[in-house]
Amino acid sequence: MPTHPTKELDSFPNPNPERDYTIEIVSPEFTCVCPMTGQPDFAEITLRYVPDQTCVELKSLKLYYWSYRDEGAFHEAVTNQILDDIVRATAPREAEVIGKFNVRGGLYTTVTATYRAPDRDGA
Amino acid sequence: MPTHPTKELDSFPNPNPERDYTIEIVSPEFTCVCPMTGQPDFAEITLRYVPDQTCVELKSLKLYYWSYRDEGAFHEAVTNQILDDIVRATAPREAEVIGKFNVRGGLYTTVTATYRAPDRDGA
Amino acid sequence: MPTHPTKELDSFPNPNPERDYTIEIVSPEFTCVCPMTGQPDFAEITLRYVPDQTCVELKSLKLYYWSYRDEGAFHEAVTNQILDDIVRATAPREAEVIGKFNVRGGLYTTVTATYRAPDRDGA
Amino acid sequence: MPTHPTKELDSFPNPNPERDYTIEIVSPEFTCVCPMTGQPDFAEITLRYVPDQTCVELKSLKLYYWSYRDEGAFHEAVTNQILDDIVRATAPREAEVIGKFNVRGGLYTTVTATYRAPDRDGA
Amino acid sequence: MPTHPTKELDSFPNPNPERDYTIEIVSPEFTCVCPMTGQPDFAEITLRYVPDQTCVELKSLKLYYWSYRDEGAFHEAVTNQILDDIVRATAPREAEVIGKFNVRGGLYTTVTATYRAPDRDGA
Amino acid sequence: MPTHPTKELDSFPNPNPERDYTIEIVSPEFTCVCPMTGQPDFAEITLRYVPDQTCVELKSLKLYYWSYRDEGAFHEAVTNQILDDIVRATAPREAEVIGKFNVRGGLYTTVTATYRAPDRDGA
Amino acid sequence: MPTHPTKELDSFPNPNPERDYTIEIVSPEFTCVCPMTGQPDFAEITLRYVPDQTCVELKSLKLYYWSYRDEGAFHEAVTNQILDDIVRATAPREAEVIGKFNVRGGLYTTVTATYRAPDRDGA
Amino acid sequence: MPTHPTKELDSFPNPNPERDYTIEIVSPEFTCVCPMTGQPDFAEITLRYVPDQTCVELKSLKLYYWSYRDEGAFHEAVTNQILDDIVRATAPREAEVIGKFNVRGGLYTTVTATYRAPDRDGA
Amino acid sequence: MPTHPTKELDSFPNPNPERDYTIEIVSPEFTCVCPMTGQPDFAEITLRYVPDQTCVELKSLKLYYWSYRDEGAFHEAVTNQILDDIVRATAPREAEVIGKFNVRGGLYTTVTATYRAPDRDGA
Amino acid sequence: MPTHPTKELDSFPNPNPERDYTIEIVSPEFTCVCPMTGQPDFAEITLRYVPDQTCVELKSLKLYYWSYRDEGAFHEAVTNQILDDIVRATAPREAEVIGKFNVRGGLYTTVTATYRAPDRDGA
């Protein structure tokens, strides 16, 4: 059952769009490449969102994270990029992505980016 | 003393309806079947609610969770379904159901659904 | 130095009534009897309150908890009962009782009841 | 389904007497009475044994522990007493009882008693 | 990709039979049925073994554990049964199975069974 | 370098009075005497404050806590007393003292007292 | 690849200035010198900020922390100094520095300083 | 019920001298005075012993530890002293004292002293 | 400073060959590819060894682990392979490699392989 | 009270040379310089020893650790060097030094060196 990394994020219809509720998906197995040194970087990515009409399909999310394996990616940019891609693919009511990167040079970096749909109060 | 799984949720009169208070019941032993692969899924279900005129009877809640053992259930749908059934059976002032599902494909999923009675402020 | 369980809750004058402050007392040694099966139940009881003119005397609180040892008590009712008795005995500005009951039938139940004096804002 | 505390320890035939193996049963809900002060004492009792021809029946063990609820018992004596009763009731190849008593006077006491059948090497 | 529970345990050739080494596989998702009450039981099963000519195939181990889902099984018997089946299927040099069962009636039970091949010293 | 316990609390000029910021000092080594029994009591004292023109000097704070070693002190009174002394000595914008006392009679007591300068909003 | 400590803090353009998001960098390897005794002090420094047009460059931040290695520094002053330097170098929308200093004389000190740009609401 | 510190260690007859078993008593509330600086020192003292004809009486052990409150005591000497006093008072088959002292000058010191009666094998 | 993955393991002369001592190096950032599915696998690799004439050079060990990033590798084989490569490169007196692989299909696998030089007693 | 780093290790007479006992001293505040890059390294050093005629004086041990602050030191060499210096200064019956170095390049290194006096059995 070989599958391939992909930037495509699949979705399925939200079974309960009449209600605001939260889905959190934690992936401790994110790896990409440092654009400066070409060496591997590792992170735990947390996605937390309130779906509107569609939910993120889990298997495609896994393949999407996999697609970063050979790409160069800065901590700040990649966390925001994931959030942008989730928003584009599923148009959630709210979404948050937290990239908790492994220690480098004695420093532990965590980037947190948040989105609220334009019609949500507080946006 | 054999008993049987059931979708029926029993209740008993709230002994203190004059006061808002919270009941939390955590069940680490929830299991159902993945509708895609037919394989078992496992979760910890947390129910937290403010009772109005009735409280959920514990033994029936256990049998209710048991009733999912052989059913196919998606993470998002089953968490919302449990909340709907609790609301229908006991008409609480507020209720929340958290389904914390075991890791699948390296991803840890938690679904949180919340209900507030129409006459509660903030609803 | 044998002493006896009692429903009497003693108090002493609040040494600092001019200030709102919080006293929290955690008792991991609460036990009563299940009214359904007659078998022992165990819980950790947390009392948290803002005293007004009097404070709960610790030794009498211990004897008060002891008084439940041979009594039948439902989770929801006993937590509210303790709160009521504290309020009656010491007339606090605010009080909260949390009953964290030991697992029964694979379910972990926690009941939280809160009181605010009628003249407190937010009450 | 009311049941009653009892000093009787039931057993059932060991399903695998051809092999040495270990059964550990932890009970965090042991309570007795301090013979000096008459006040309740609490402990976590761990039983660990290698069965010979019979195993301890779980429900009877629970009722057996319950039987101490109203008895006076010193830490050292009660731990040894439980070990003696287990040995008498099931004649295990090896057995160990650990009584981890709740703090009293700022002191945390743990008593550990061990038994080996006379024909075991090392006994 | 639906698959089915099975009692068949597949194996593959040990890639390093020239050396004693240890493989540990922990499964927190074991469930069976209590033969007394017909109600679900839950456990974490740890398998630890030194392979000889063959290793346990992971996917078949998962399906094997799944096969207990609808079977009645006592704690002591099922832990020994798993060990026997592993020994029969892969003839390891050493093997250990630890069944850590969820709390029932306030009691936490863990069963540990160990096997050494007849020609191992210490056996 | 022998030093002596003292009720005197020294201070030094706040190096950054232009900004609200928080200083937290945790002392796990507080001991006094129970006024009822004459026996030693132990606590962990947490001081958290927003300095105005002066900060608490650390060494004098240590000697101040030491000064309670031979004094009788009730849990509620001593926590409020420490807060009063800090306020008098350094006139902070906000301050909080948390006394977390060691278990006595199976009860764990924590007292939390808070101060806000009269000209702070919320005071 | 020898490098040198420096007070210079480099920055790079914020890749996502259109959105408020948070960057947290924890350094458990901060050391300076106590100005009173000349002895080494150790701390964990947490920087948390919302970037505006520029982000702090990680390597320069490491060299910046290194620059304190031989400098005398009081707990309160150095935490505020780091915040001031971050604000000057990168003009963030919000920033917070937490200095968690190792125990000295039995006391654990944590200093937390916060900045909000003048045009942020809440500032 | 005021009591007084004392160097006297009381004992009571071992209820089970026919068996080797272990009694462990942990006291997190030991304090003495540093002989160099006169300042308070704090430690957690663990006593673990196999009684012969007598057991240490708990209340007298508490008063014994209390007796160090105003005494100067070096880490190494006091741990050995406690062991000597236990041996003298109760003539145990084996005994161990562990003094885990609070951090001083950034150093965490633990002293462990062990005794075996002359007629024990291994002594 | 781009570098490249390599199978070459560098070493440097053991500074203290006159003494047996242990070096442990934990790498939580090992990733390879599952030979069955082509999907990424993740593991934490622990290397523990007693050096003889040479020690493993840290940077080359990092590049060596990196070299598995695009290779197919079974859990059992890769753990033994790393041990073999370490032994070939540095001829240690003793060595152990522990591969703790991330959960797959609900199963947590850990492989432990050990080496002792032929002239070591116990080998 | 300024003091200075020094390679001198002071000792004092062992108060209980008639008995084997263990002294453990943990220092989480060790820092030196990487000889390759000139950058700071950090470690937690644990010293555990059985004294013979003398014990290590704590304050001098602190100053001794301090003496490495500006020195270049490889992980393996410095751990062995500390052990050698302790042995030379105090001639213990047994000694062990554990250097647990902070993560570098994603690798966590721990070095453990042990000494036994020539006349100890097992040496």
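Labels A, B, C, D, E, F, G, H, I and J are assigned to the chains in the order they are written; within every chain, residues are numbered from 1.
Basically, contacts are C-beta pairs under 8 Å (C-beta built on N, C-alpha and C of every residue); 3 or more make two chains touch, one makes a residue touch a chain.
Bear in mind that the values here come from a model prediction, so they are computed numbers and not experimental data.
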If you apply the touch rule, which chains end up adjacent to both subunit A and subunit D? none
Rounded to the nearest 5 degrees, how far is subunit H rotated relative to subunit I when their C-alpha atoms are superposed? 145
Just curious, how far off is subunit H from subunit G if you go by their C-alpha centres, in Å? 46
Please tell me the distance, in whole Å, between the geometric centres of subunit F and subunit H computed from their C-alpha atoms. 32
Distance-wise, how many Å sit between the C-alpha centres of subunit F and subunit J, to the nearest whole number? 37
Numbers and ranges of subunit I residues touching at least 2 other chains: 1, 28-29, 42, 102, 104, 106
Interchain contacts (touch definition) - all pairs: A-B, A-G, A-I, A-J, B-C, B-E, B-I, C-D, C-E, C-F, D-E, D-F, D-H, E-I, F-G, F-H, G-H, G-J, H-J, I-J
Subunit I partner, complex, touching residues on subunit J are 74-77, 79-80, 104-115
Contact footprint of subunit B on subunit A as seen in their complex: 14-16, 19-29, 51, 55, 58-59, 61-62
For subunit G, which residues are in contact with subunit J within the complex? 1-4, 28-29, 31, 37-40, 42, 66, 69, 102
Give the list of subunit F residues in touch with subunit D in this complex. 42, 102-103, 106
